[in-house]
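Each of the next two complexes has chain A plus one other chain: chain B in the first, chain C in the second.
Right, the complex of A and B next:
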């Protein structure tokens, strides 16, 4: 059983999805417990997997016992073990949050909603775990198609947003598939590690075909991760989707694509090729700078809470792409650590937006009016997420910024360093605006002594099923920050094999 | 040779005790007497813990404790030395008195959200003592940011329009400066040195960075710790005066602002090293920046009619005294600078207590409305007079000693321009303080705005301000504890 842990991570949500659709036809109330059960299994298996990886190093798991390069191989190292655990944990937290929200927002399609939710999780986990480039495409489409449906179940405008996402997303996926096709022509293999070996052994890194493959894959992945200026699909999709959908997809989809980018750049194409031979680092980091600035500043212009958060995701993607392309250890550690930290920070603020929507029925930022008095615990949860996004110690976001800035300074990218700092300030403005509404109300009283105004409202905290996920996520954000050393040591262990300290990487 | 460092968890507890006190404060929220009792107990325990370390520090040793290595080669660590001790003693002892004063003030005015007030006050004190005992730049930064955030709800306590804009200014200045200037400098130093960031007497940057880098880092760190109120990053302090007076008194005359100058002193002495700064001749630049602030803020203070704002500008000037004294880079200047942390704290908190007591008893905020108030509130105004003596630096109050040392420091190295600046500033201080006390007591009966009937503020407030006034005078007669600590710290830092 324990040897099968990597497969269980993926199969638990998948099999539960089948079960939910069958059971849900008759007993709709059984869906939620089943989903929880399935995802708990997945989390447990992911924990088991990461423990094994930390103890024994890279795990190789052959699906169905077929050896590579013919069968599908899961090769699990520190990087994807960490990301898989993150994905399954977020899925579980969003599932808890969904308990009352799905019946309320999508009451007529509970079993369908949960089936799709589990499938999207399966797809995301599969992309993280698989060692096969084509298999990754299949799982990419599994998660993408289900996420279009999950988004379209939102408000009326969500339908249009989902359609736009479907078109752009499909283009991105096609780019990726095309790139994999080129690689297959040149190397005759689809297994990532096999491709890498052939590329190195036959000195294919000079080939134009491989260059085209790299460009296609990179652009495809950038489209899917909403890297500016390829981000147009993202804001509306996460704004108008059902709140559970935004809590699940908002943090995860872009981050998993960042993972795919890192995997492709390091494992498939080799860092010497991507960083030294191509030498595009400067251009891409400047693109990331623009993404960070545009994302942060556009967020300032929003009046809809979730739309504001959606633009923050665009900025955060810039953080990570920039960090990776800095091409030094600190930058990569920062990017990967930020990937994990940011998932939970984003989840934290999206859960907050969900709670505000659940309690007030409003989507505007001004709906947070007077919440410090009404819902102090919820506000405390938001405060942790917000401080982490701003980058205040000892939350997780501070440490990711620490490593990223360290990477930026080490390779002399001062533009990137400044962009990170400006973005921190923009986030401070964004979130202190919310704190001000929550503390003072939208229109504060004039003069001293008016603070007993009736609109402060009575204490009325959110119900446990939506509050506990927020509290849990907030504590995770703190824990990931305080125990950042243990995560960072897994990441550095993973990065050692690429020998990034070599002076050729600057 | 100094005795070896002692490993003990006491400094951690000293910081933590007020953080833990938040839990009972919130739980006892409805029973206000027990709630304030908790604040007192926490304050006394905190002071006791800090005072218990005094003999060790006086003996020339240090107390260290490493809590947690949070980033490779970088730990959250505590270290108590003479400089930290001065600040820790001042902050923790004044917290006890301020709690007493707060009870009088907050209950006298029937303020709302008192539980929140006392909770965040306790958190702020935990951060302040954390800064005082931080062993490295990282820990210092951590508590520095914690203090900025914990004081925000206190500044905006009234939750009205004025509080909102004051709070905005407050956070904008403090957060922007620390994120934009301090954080990158921190990481840059970390890269250059490969870790540690531990404060060492004599600094650790010498030989690792060049002259230009040193100048840039010095300016970034001097202005980055905006809590020190060096112009042009001073406007947050007058804006923060919208807070209830106990907050202005303890936090914006002692804890928060002194944290700012304390950070600067730490950076100059423990990161750059006094010798390194004086080799590069960087002290001169800082003395001129500080001198500018000293003179200009005193001139602005002259024009303020709002008493708390006048005190705020006076504080800005006095903070720059401390920075100026350090930047003189002479033994007496450094000693005077450290003593001034303590001496100014006792004097200025008395003045703020008086301003709050006047507001609580009469509702008056403006100096022009205080003609003849000495007849109505004689104790308060007498205390005010003593406090102003100390801030101006006239005998019979503790401020005299620190000022003498600062003046001595300028002469020691022949920096007569700075001598002139300090003397001019003292005259200006006298010009903006004496008229207040004078017109309160000696005005023609027909000009007096108050009836000649004694009616003081809430007794708790009066006791608190009398206490600080008495201590201010006592420090003139017996400056020994702070003097000995400052002298020991200066000796240690300058490797004498």
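Right, the complex of A and C next:
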């Protein structure tokens, strides 16, 4: 059983999805416990996997017993294992949150909703675990197709956004597939590690075909991760989707794509190729700077709470892409650590937005007026997430920004460092505005102040099923911050093999 | 003459590029949502054409062994000819890899007699079977989203939907 842990991480949600659609037709109440059970198995297997990886190093698992060049191989190193654990944990937390929210928001399709939720988790986990480039494409489409459906279940604006997402997402995935095709022409293999070996052994890095493959894969992945200016699909999709959907997809989809980018750049194409030979670092880091600035400044202009958070995701993607392309150890450690930290911070704030929507039925930022008195625990949860996004110790966000800024300074990208600081400032303005509304209420001039005079200050905390996930996430943000050293050591162990300290990386 | 050679020699690749551009054009510029989806389908199909073109070899045939070839192959394998259970073979090969760094024995038995140049590459075909399924399901999901849009807005023209969203709030 323990040997099979890497497969169970992926298969538990997948088999549960099949079960849920069968059982759910007759017993809708059974769906929620089944989902929890399946995802708990997945989390347990992911914990087991990461323990094995920390103890014994890279883990190789042959799907169905077929050896690598023919079969699909899971080669799990520190990076895989960390991201897989993060994804399954977030899935479990959002599933807990969904208990009352799904019946309320999508009451007529509970079993379908849960099936799709499990399938999207399967797709995301598969992308993280698989070592096969084509398999990654299939799982990418599995997660994308299900997320179009999950988003389309929201308001009618969400349906429009889902259509747009479907079109843009398909272009992105097709570019990726085309890139894999070009790699296959040159190397004759689909196994990521095999491709890398052939590329290095045959000195194919000078080939134009490989360059085209790299461009296609990178652009495809950038579209999927909403890297500015390819982010047009994201804000509306996550704003108008059902709240459970945005809690699940908002943190995960973009970050898993960042993982895919890192995997492609480091493991498939060599870091020497991506960083030294191509020498695009400057351009991409400046693109990331623009993404960070546009993301955080657009967030300032929003009045809708979830739309504001969606633009923060765009900024955060800029952080990570920039961090990776800084091409030094500190930058990469920062980017990977930020990937994990950001998943939980984003989840934290999206859960808060979901709770506010559940309690008040309003989407606007002003809906938070007076919440410190009414729902102190919820506000405490937001406070942790928000302080982490701003980057205040000892939350996780502080440490990731610390590494990213260190990386920026080491490689002399001062624009990136300044952009990080401006973005932190913008986030501080955003969240302290919410704190102000929540503490003192909204000015009556803004039209919300007259009718709440009576209920102001009355204690009415959110119900446990939506509050507990927020509390759990907030404590995870703190724990990831406090135990940052053990996570960073896993990441540095993973990065050692690429020898990034070499002076040729500057 | 050079140009002609380049065009005729890589005919299928040119068609792939043209189809891809037609698809992209339709996805970006068409106002009607169904036309956008037709563009998406063309776009995805062009990639199928590209992959299938990779598999082609001049004078090669479909990758299926004739009876006598297959027989000779199984003869080399000893009396294990009857078990065609793939999982079993996989395990064998896996254990072979674990024991020593030997090349896995699958598909290598009797390779001296079988000339790979005579058979087209089956792998791109297999990949594209999967990609066709993915494409069909993408189209299915997108069409059902279109249907939902039609029931909610009463139109499948993009500009009319955006007008309705601008004027009314929900």
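Basically, the second predicted complex is superposed on the first by the 493 of 506 C-alpha atoms of A that agree within 3 Å, B and C clash if a C-alpha of one lies under 4 Å from a C-alpha of the other, contacts with A are read in each partner's own complex, and residues count from 1 in each chain.
Please note the rule applied: contacts are C-beta pairs under 8 Å (C-beta built on N, C-alpha and C of every residue); 3 or more make two chains touch, one makes a residue touch a chain.
Keep in mind that this is a model prediction, so the values were computed, not measured.
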item: Contacts of A:64 with chain B and chain C, given as first, second, both or neither; value: second
item: Partner chain in contact with A:485 - chain B first, chain C second, else both or neither; value: first
item: Partner chain(s) touched by A:149 [first = chain B, second = chain C, both, neither]; value: second
item: Touched partner set for A:141, first chain B, second chain C, both or neither; value: second
item: Residues of chain B defined as touching chain A within the complex; value: 68-72, 112-113, 141-142, 145, 149, 153, 156, 158-164, 167-168, 171, 175-176, 179-180, 183-184, 187-188, 190-191
item: Touching residues on chain C, where the partner in the complex is chain A; value: 24, 27, 33, 36, 40, 43-44, 47, 50-51, 54, 87, 90-91, 93-94, 97, 104, 106-107, 123-124, 127, 130-131, 134, 137-138, 141-142, 144-146, 148-149, 152-153, 161-162, 165, 170
item: Residues of chain A that touch chain C when the two form their complex; value: 62, 64-67, 69-71, 134, 137-138, 141, 145, 148-149, 152, 155-157, 159-160, 162-163, 166-167, 170-171, 174, 177-178, 181, 184-185, 190
item: Sites on chain A touched by chain B in the complex; value: 387, 390-394, 399, 401-402, 405-406, 409-410, 417, 421, 424-425, 428, 432, 436, 439-440, 444-452, 482, 484-485, 488
